[in-house]
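Take this structure, written in structure tokens, and hold onto it; I'll ask about it next.
Here the chain labels run A, B and C in written order, and each chain numbers its own residues starting at 1.
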Amino acid sequence: MTVTAPPAAPAQEAPARPRIDVAGLGAVRGGLFVLPSLAIIGVFLLFPALWTIYIGITDYRLTGEQARNPQVVGLENYQRAFDDPLFGNSLWLTLLFVLGSAVIGQNVLGFGLAWMLRNTTPFIRRTVEAMVLLAWILPSTVVAYLWITVLDRDAGTLNALLGTPGTAWLLQYPMASLIVFNTWRGTAFSMLLYSSALAAVPPSQLETARMVGASGWQTVRDVVLPHIRGHILTNTLLISLWTANDFTPFLLTAGGPDHQSEIIAVFIYRTALEGASDLGYASAISLLVLLANLVIALFYMRMLRSRQAR
Amino acid sequence: MTPGWVLRRIGFYVLISVLMAFFTVPMLWLATAPFDANPRLGLRWPDWTLDNVEATVRHPYALGSLGNALVLCGVTGALTCALAALAAYALSRVRLPGRDALLYVLLLLSSVVTGTAAMVPIFILMTQLGLIDSQFGTALVLTGGLLPAAIFILKDFVDAVPRSYEESARVFGASPSQVLLHVVVPVVRPGLATILVWAFVNAWGNFLLPYLLLRRIDSQPAAVVMKTLQDEGGSANLTVIPVFSLLYSIPVVVLYLLVSRRYGFRFHGGIKR
Amino acid sequence: MRRTLSVSALVAVTCLAAAGCLGQQEESDSQRNAQAKDVSLTITANAVAGGKNAAGAEWVDKYVIPKFVEQQKAKGVNVTVKFEGNGAADEQYKQKVALDLKTGGGADIVNLDGIWVGEFAQAGYIKPLNEVAGGDVDKWDGWQQIPEAVQEIGKFEGKRYAVPLGTDGRVLYFNKKLFAQAGLPADWQPESWEEVLQAGQRLKALPGITPIQLNAGTAMGEATSMQGVLPLLVGTGAEVYSDGKWLGGGKELTEVLTLYESIYKGGALGDPLLQQEAKGREKSFQLFAENKIGILLEGDYLWRGVLEPTKGVAKMADRNTAVGWAKIPAQTPGSGIRGQDFVSMSGGGVRVINPNTKFPQQAWELLQFMNSAEAIKAELSGQARVTQREDVNAEVLANDPLLSFVAEQVLPLTAYRPGLAQYPQVSTALQQATADVVTGRSPSEAAQRYQEAVGAAVGADNVSTS
């Protein structure tokens, strides 16, 4: 399986130049090709998403009086979010989670693996890649059991390996555990992406670097990184978005203990389903998360543009 | 072979072994617990037995749910792949204003809709459309959530296909659809395979959508049945769970192996970027 | 792109229009299709063969459906009954049935947790039984077998919405083997909280065990309320809802939280980490079965479903000799609600008829059948449980020492949760207060934070200030 290397086009052509319709598709047929996707996205994604945004300005709940007669409350839910320390807490934890496990963990480990494996024997390469990929494709419920087994207080593998019986990793170090877990879980994507990207670095330049006696780190910094900047940005964007909306940590810690690992996806789940089932508030928060995602994406596009400007 | 070189080699293998252990150790449970007479949440040398396997096979919904999941996720994967390919090709080759912004907005919206808060609109929508209790309807919702990211990734694959291929084909008089089918699809096949696996794996793990949208337990996919393996008070049924986890993991692993053997990791060697 | 824009605009408009769907309902006629010859009915419950509540699912599949079909055939009616199994977490099941009932779909007979009756009724999802199926409902002879207190579980604002499935009771379990080692009596019955703590101090001398485990924290959800805060609260004479107001963070709650503090902090009698684990309650079962917990406050489910030597999830081979039980004492003798010396809490599931059913009369017949003495005995199939019917209880409970203890000594003392839509929010705030104490806040500070949280959730006017 290969993941190529994204945002390709603008890097190679002047962005302003009109694209050449080499296949002779024409705008109409082009539109027809896009239409089925747009239809499905429109009905099953856009429509519920807009509706969710609407619910965000009501006091709608799953049950009780507000379910029978939801009232539009305007921006009250948003006001409440800004005053809610638990919401601030979950934003902060999500930031830690994304920075720790995606931006740093998966990125660095994924690149490291791709770099180390590029010249090894096929056997080592294939074995390591297979294990890393396995971690990525196993279903999350299964993965949750695997990691509970590792981190368990009484019979956990980690405690046996480190000789630290009785350490409840998920309780005493919940965020650190989740960051390590998610690095384990998601590194495969970055590794694949960087493998393809490294293959596109001209071998002659690497050779030159070797000739002048550059160290491994100097080679990476001066030859490789400039070549794969676009890939780093795309990769970081995708894994950040996925990590920011990841729900798997719920299966490990359920947001606990005492909200210490309640990242935003878990916070929304608990607001929407547990206790009061406050769907209005949960929807409002979903929109805020969307806006936060938008900020990340804008930041990314800006970086991409400044790259092109060089 | 200077001492420095030897040291570096040793360091390299130690590092690789440590990383290998990091990725492997958590998975060992999946190799031991299914065959342990007294499985529990912890790693240990098992008292080998096949009783758990037998119990799982006898479970009324375990095997059937894997079949349901294959159908549901197969349809989702195929739909996502086909529709994303068409859209990605058109978006890559035809000039559509506002295309990038559209893609980003959709990509962002997909994260809202997969969230818990959107379940009420989706459920009401599906009721109105008469698609409750329909495997196909559920697959459509899953597809809708996966398409933006699929188009986003696939478009980059298509962007990487040199236009000269298509130009040559056009010169020899191929129609646009022939160009697509016989020139572009073969070249981006690894990309399609990636999307297929990615979409399949995503749908394979989804619990909440099928649980809400499908009525009968015997049409539920494995992700839902996995969650029912508990007793009255919610305690995990550790006789069935490890074996079922193993069975539940096999299809995604097999799919990945098939796809990776077929298309390998060498895609980029062939294409000059 | 312009096309896309207009499409999204259209979608947006439809969306606003459809938003009206959020609060719809239908009128009904209880006699519709009463004479139909071809009837189809569906039952749903959070139960599934081979998984959660498997016994309940098998009972419906193997007993209720064939017997009821047969019974109706004798009357010349051709009935098809289907069972839609579930087996998800409670809140997910709740979401599913709430969405079903909201959209006018769903099964004809639906199992609910009794505590949901109020919020479902307020949402208009369910209706009083005599509105759905007509006045004959009140003439059913089965009601006479169901004690008034148990009927309360299926009632809201004085009207019967549901038929209860039975009830349960909570006691203090203790491990007699550990008690013997610590020099405590096998027929232990504490008269006050202080005596429980004293027993805990004695048990603390034993190595490697946790003297007292009392559910706390938010990870356990409602278990913290039912097996923790609420039984203690009634022991101080307070109730979570009384005289139209919700409990505030006053003296009684502070006393309850102080007990938590003395168990988890000062006396170090409990294991504060265990309570915060996502699977903490299951683990406490396991530890109790392994003779590692001295005293555990739990419902009768622990005895019949968990420690049960052949089928339980944490089997305890010597359950019958090793496990003792005692009534939960009030804080001090006579300080409990209604001036009681001992207290408990109870709950239970119910079955409702979907107001949108096509066949209200036939659904009511099926519901009566499911609540007949014969059907309930078939469901028990030799196991014991406090069922809704007194005639069945008289027969099945006698053989089980714990369950007859619960029926005779605990149920007369017990209390129920208020079936109001706001209860879950108050309950969550109570759980948070215990979490605060276990993780280091002082009881008075935790009570203060509770007062604020409840005020924000239900309105400060609706919270008692004393």
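Basically, a contact is a pair of C-beta atoms (placed from the backbone, for glycine too) under 8 Å apart; a residue touches a chain by one contact, two chains touch by 3 or more.
Because the structure is predicted, anything quoted here is derived from the model rather than measured.
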More contacts between chains, A-B or B-C: A-B
Most remote chain, CA-based centroid, reference being subunit B: C
Cα-centroid distance, subunit B relative to subunit C, in whole angstrom: 38
Interchain centroid distance [CA atoms averaged], subunit A/subunit B, Å: 15
Per-residue overlap in subunit B, given as positions that touch at least 2 other chains: 96, 119-120, 125, 227
In subunit C, residues with contacts to at least two other chains: 4, 18, 22, 92, 95, 102, 279
Interface hub residues of subunit A, defined as touching at least two other chains: 31, 38, 46-47, 51, 55, 60, 62, 148, 154, 273
Of all residues in subunit B, those that touch subunit A in their complex: 12, 15-16, 19-20, 22-30, 33, 40-44, 79, 83-84, 86-87, 89-96, 104, 106-122, 125, 140-141, 143-145, 147-149, 151, 153, 156-157, 159-160, 163, 166-167, 170, 176, 179-180, 184, 190-191, 193-194, 197, 201, 204-205, 207, 222-223, 226-227, 241-242, 245, 248-249, 252-253, 256, 259-260, 263-265, 267-269, 273
Parts of subunit A lying in touch with subunit B, wherever the complex brings them together: 1-9, 12, 18-27, 29-31, 33-34, 36-38, 40-41, 43-49, 51-52, 55, 60, 62, 109, 113, 116, 120, 124, 127-129, 131-143, 145-150, 152, 154-157, 160-161, 184, 195-196, 199-200, 234, 238, 241, 244-245, 265, 268-269, 272-273, 279, 282-283, 285-287, 289-290, 293-294, 297, 301
Subunit A partner contacts - residues on subunit C that touch it in the complex: 3-4, 7-8, 11-12, 14-16, 18-19, 22-23, 25, 91-92, 94-95, 98, 102, 116, 119-120, 122-125, 217-219, 221, 273, 276-279, 283, 421-422, 424-425, 427-428, 435-436, 439, 457
Footprint of subunit B on subunit C - complex, ascending: 1, 4, 18, 21-22, 48-54, 82, 84-89, 92, 95-96, 99, 102-105, 279, 281-282, 285, 301, 305-306, 313-314
Residue ranges of subunit A touching subunit C (in the complex, touch as defined): 31, 38, 42, 46-47, 50-51, 54-55, 58, 60-65, 67-70, 148, 153-154, 168, 170-172, 252-254, 256-259, 273-277
